[in-house]
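After this come two complexes, each holding subunit A, first together with subunit B and then together with subunit C.
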Partner chain A sequence: MSIVLDQISKRFGSHSVVQRVSLEIASGELFVLLGGSGSGKSTLLRIIAGLLSPNEGRVAIGGVDVTQLPPQKRDVGFVFQNYAVFRHMSVGENIEFGLRVRGVARAQCIERRDELLDLVGLTGLAHRRPHQLSGGQLQRVALARALAYRPTVLLLDEPFGALDLQVRTQLRRSLRSIQDELGITTVLVTHDQEEAFELGDRVGVLYRGGLVEVGDPMSLYHRPHTDHVASFIGGGNVLVGRKVGPLIQLGNVQIPMPQQAKVHQEGAPVRVLFRPEDVTLSDAPPRDAVQLGQGVIVESTFAGSVSRVRVEVEGLRGARSLAPYPTYGQKAPHVEVTFPSAAQMPHLQESRFLSLNRYHVLDPHGLSVLSLVGRHAEVDAALRVGAVVARASHGTLYTFKEAMRGDSERVRKELRLGAEQILPAAQVETIVRDGEVVESFVDEAQRGLYDLAVLGREGDGAFEPQVLRSLSIRLLRMVGIPVVLAHPTTTKIGRMLICTAAGEPGKGDVLFGARLARHFRAHVTVIHVQRFGATPLDVSRAKKHLESAAQSLAAMGIEHEVMVKTGDVAMALRDTVARGKYDLVLFGASGSASRRALLFLEDLIRGANTSVAVIPMMG
Partner chain B sequence: MAKQVDSVLPGWGLSLGVTLTFLSVLLLLPVSLLLLKVSELSSSEIMAIVSSKRSLAALWLSVRTAIQAAAVNVIFGTLIAWVLVRYRFFGRRVLDACVDLPFALPTAVAGITLTTLLSPKGLYGSYLSEWGIDGAYSPFGITVALVFVGLPFVVRSVQPVLEDMNLDLEFAAMSLGASRLQTWVKVVLPSIVPAMVTGFSLAFARALGEYGSVVFIAGNMPLRTEILPLLIMTRLEQFNYGAACVLAAMMLFVSLVILLGTKFLDGGIRTR
Partner chain C sequence: MRQAVTDTMDPMWVRACLIGLATLFLAVLLFVPLAGVFLFAFSAGADVFLRAVSNAETLHAAWLTFLAVAVCIPLNVCFGVAAAWAITRFEFRGKALLVTLIEVPLAVSPVVAGLMVMLVYGHQGLLGPILAEYDVKVVFSLPSILIATTFVTFPLIARELIPLMRLQGGHEEAAALTLGASPWRMFFMVTLPKIRWGLLYGIILCAARAMGEFGAVSVVSGHIRGRTNTLPLHVEILYNEYQFAAAFAVASLLALSALVWLTLKSVLELRTQ
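Moving on to the complex of A and B:
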């Protein structure tokens, strides 16, 4: 029988566990719900079984709406992680339970019981007591019990979670063959992706209560749409580059944009996934393959059938790595490579050329904005500006706040209410942590899920200026994401100033600014200040840079002007900022994100009602 | 009896020694002295005391009311434990604490309060007399007092078992088609029966020896509302130590038999 879930939501108190999940499972299909702990997968399964009722949405089994039916009337078999075998009954009595409560005659019960014992491979154990059985056997009993009265649907909640590896593999195989034999529609919940791939006809990935992606194991593995699925499933390398013409710029490396990739805007981030087994290491640069350049082996592990090495690739420096998760103090992105153990393993510190046999580009998405919210969410500048940016880019706002243990529910609610005035609810996520706020914020930012961090500008009372300053420096230098210092009066971004004089004129700064401006349809001013006594070479370089900046802005359809001034940099900029009524002033931190640079910046914008964006060095 | 190597307590020998000494000083020695005193009497004397109408009536009354009280407690104590574990409501913690009141309250206070309530002119007693039931000064009153003192034993025995019970067991039964009643009778009840039996034994033992609360409410009429502990007390006041000891030994014997009986029953359930 088919199962249809329509817009299912479930909340426990104010905590949302499942959010608007819709799903169709075909008759006879073995569908796997895959997700980490807290993803809402077990809750969803229990909603199908009727053990929990959803706050919103409908459940249909075999075309019949069963949302209001109690579990007794749904005709589903349910298998629990902890077996839930009745200890006071024998194995046989357990299996017969579903038949007995329905008043099936004794002789028939016994016949069916023996049939099921044969099916699950426990022939002759009907009279054993549960405490005489192993975990694997208990789970077989639970399976037989669930199948006894021929349910229309079989639901399994992490059925192999409590078992050791060998028993698990055995049981998996039994389950697959039993399912094939009976042809019963089956939904299995697991956190183990290997299990999901091995068993599932189709797999649905749940994350934070939402169904992120559904597909057959092959396409989920090789052609996922979201970075969550790309990094959660399998050991994957996910790098964020930028679209430049027909190419993807990953640090200093360029690879072609595949034909089948969804359309990316010029200059927009491009997330590239390649699996460890799709990378080839060689001694000489290979021909006819997409090359990543040379890298140094930094880690090498033997893992049975495959060997796994990590290669630090200097050429990729500047591309952001979502997976493998960057380690502290790492200079350039690491690429994970696996190859059969039989091949010779390269030694540490050896150098190799890397090439890709296959790679995949994930769908483009709106900006993921991480806002650090101060004491009063309702008037918080970072929250509001973050929401404004997220809304304009159709992205997601992640609000971050510290809270005492036990107070987190209230804080979550407060954050939601604060952001939802600007954004639709679906685009707000709340993150609440106890403990040291700066440390945990940096940790969160380091997860690589975010395009932008938003902090309050100095003097908003929530955080000390020096705390914000050192936080900004760590975000720019270590995490490498742009930082916006939000001003409370910023409610839209209509006029934007890009300063290319606060350091070396950076291409990344302009491109990032352009990306923001495009979302807001903002007017962009690019300013460059010539120092007195600049050499002709400097002048011509700056000119060239400004020309190309204007070109890319024009290509993206952004209204813009270019301004060149001569004189003292600080004075010229201060003057421009003060007169221009800009909503956002953008600086590149391509030189160094230092305390001095930030103080210089703060001095520039003092008194101006503008938010500031600082862009780290990018590829 | 195997030696426990990985025990937290220092030394098998030491801990066993302390255990035995403690039990001997507090339990075995007093009981032995009691039996010693009994053995000073001749068997005909003992038989006369035991078989006297008054002793037998007192013994029967004590045992009967204790069993009744324990039975009532098993039913309502289990219900209270269920409510405390399974439902979240305002004042749950207060209610939970109130269950222990019978432990804390001096039994005499309980006895006097209940007597006031149950006496023919009392709050409950006036209604009861309309129905033709004697509240205070009757076996009924004794049972009520014993229910009061025995309640916490059942609640505190059943409560932790219910707390540990996996909800999935009930979910499993429900998904297999069992109605609420079937789930309760076939799945929940069997899991808590051992705890209920333990609670019954404890409540019964407590009720059998209860003196403080009962003396006020019983009326203490020989042959009708005189419980055995009171009879022992009476004999002591008459300096008839021999008779007191015989009665005490008799009581000890009867309660041992009943407690062993329930243990046996409980064991039967567990290994079934």
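Moving on to the complex of A and C:
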């Protein structure tokens, strides 16, 4: 029978374990829930069985809503990791348990018991006591017991986790063949991806209580959508480059953007996945293959059937490596390569050419927001506004805070609690550093992971204005990412003002503003203030710029208006900001002029309850 | 000089000294007095012993003691299982407090426990006027003996079960539920068999303690001969009246029953190991 989960959430106290999980499992399917420890996979399985009840959401089995039913009325079979075989009963009594509580006649019980003992390969062991059996046999007993009364669905919670490798492989095969034979809808929970691939018709990957991706094993492995799945499953190489025309720029290397990749905006980050077995090492640059250039072998391991080497690829310097996770002090990204161990293994420090037989581009994701959190996480403006932006764009909030060594666990918890009021836990990461906060924040921002940085411009426990200013300048100049100065009253972004007055009218601010506005479905006002004594050339250039701004906003389906004023720039803008009730004011600032721009800006927004975004402009 | 065989093995003379000391200690404090009880019991001849243990007052005291044990065990079984279940299976506010409160009867002196019963049920006590109105007599009669005995012994079973059930966990119970058992069925078919030895052990401790209870019962019973005297109280009265042989004869009954309980307890311990 089918299983339908609809928006299931579960909390233990204030700790959220499962978040809004929706899933349909077809009748007869073997579905695997795959996740690391603490991902909420066992909790979800217990919710299906009725051993836990969800805080929100519904469970249906075979089209019947069973959310309110206790476990004994759900007619499910459950197999536990630690077997949970009744120690005081014989094997036979264990298997008959479900039949006896259903009032089945003695003779039938025995008949069915023997049938099941045959099925799980324990023929003739009905009178053994549990302590006389091995772990593998105990788990077979538990499986037989769970199947005896012909339940509608079979649920297995890490059933092979406590067994050694050989027994595990055997049991896996038995389970697969039993499931094929009975055609019973089965959900299996595991942290072992090999097990998931081998058994699952489909696999759902859980991460921090959220269902990140669902798919058949093949497509999850070769064509995942998210970097979590790409790196969690099967040790892949994930590099982040940028889209440049029809190509992906990875450091100094360019590779073509595959046809089937989702549309990326020009200049947007592109995450490229290639599996270690899809990289070829050769002595000469190969023809007709996508090349990564030359690299130096820095590590090599023999791992049985395959050999694994790591190659440092100079040409990829500048591209960020998500996986393998960069080691401290490495100069250029490392690429992991595997090949059959019978092949000649290259020596350390040797140089080889790398080419890709196959690669895959992950879906462009929402914004990665880096928030610098001040003293009080629970009321911090940067944390709240960062979370609001991450939520609207389905992106990730990275909360950053300084803490003394030893205090970091408490601070992480505090950051999580603060962010999870707004965002699902799967979209929150915490970064805690000790040491000088401005320096370490700039270092973090320079990793190139982030689309924007958020600083709290006012509010309880926020940073001093001059600290914020010097930090903003460094972020704009050195890192080149937009900086949002968050105001504590900003809880949504419904109205946005893009000021194209400062310096040369650019397009970076309009494009970034449009990206934000689309996520929020916000109304955008583009304002340009014509200085007194502007030359006709200035006027026509500004006019052209505003026209194209309006065009690109319209093309993205954003509600907008264009405003042109004449007079003193500062006064006109201050007047507009004061009257317009904007949630966010966007500003372009070129790197060299960023100090002047920030001072001007501070003056402009003094007293206004609005957040501000400063967009770094080229030149 | 001989070297110790391993790092953890002390030299011979240290071991000999320690064992000797322990034996001496036990002899002075336990073996000699215990033997003394039985010797004194028969010092005036077997017929004195028989008369002492078979007279009406002794028989009534024995009956009363048996009654106290028979009432307090089922009550404490119910309470102990329920408390252990609540403490090991659920998370709730005040759980640590409950665990501590369960220990109270072991921590306070039995005399204080007796006084507490007086405070609540005595003529001047909290419920005194109400009880008097309905002509219910609690103190200086059977109910107060039962209450005091139950109070003093109620931690014993819960304390046995809590660590045991914590160790066993709830997986088998969860399995029983998914297999279709109702909660009652789960309890009788899975939980009870799992904890039966621990429970039995707790019952024995409880019985031994209930039989020997003196302090609390002494305060609440009123020492009325042939009516509210339990065996330990009867021993004290006989002793105070200089009927030494009779006092020791009755005392030897109590000592004998204690030995029986201890033997049962040891057998159980061997069995559960």
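The criterion applied here is as follows: the second predicted complex is superposed on the first by the 380 of 619 C-alpha atoms of A that agree within 3 Å, B and C clash if a C-alpha of one lies under 4 Å from a C-alpha of the other, contacts with A are read in each partner's own complex, and residues count from 1 in each chain.
The rule is simple: a residue touches a chain if its C-beta (ideal position, glycine included) is under 8 Å from a C-beta of that chain, and two chains touch if they have at least 3 such contacts.
Being a predicted model, the structure only gives us computed values, none of them experimental.
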| item | value |
| --- | --- |
| Side-by-side fit of subunit B and subunit C on subunit A, or clash | clash |
| Touching partner for A:Pro71 - first (subunit B), second (subunit C), both, neither | both |
| Subunit B versus subunit C as contact partner of A:Phe97, first or second or both or neither | both |
| Intersection of the subunit A residues that touch subunit B with those that touch subunit C | 49-51, 70-72, 74, 76-78, 80, 82, 84, 86-88, 97-98, 101-102, 142, 145-146, 149 |
| Residue numbers on subunit A that touch subunit C, as the complex places them | 49-51, 70-72, 74-78, 80, 82, 84-88, 97-98, 101-102, 142, 145-146, 149, 155 |
| Touching residues on subunit C, where the partner in the complex is subunit A | 171-172, 174-183, 185, 189-190, 193-194 |
| Touching residues (chain side subunit B, partner subunit A) in the complex | 166, 168-169, 171-179, 182, 186-187, 190-191, 272 |
| Contact footprint of subunit B on subunit A as seen in their complex | 46, 49-51, 70-72, 74, 76-78, 80, 82, 84, 86-88, 97-98, 101-102, 142, 145-146, 148-149 |
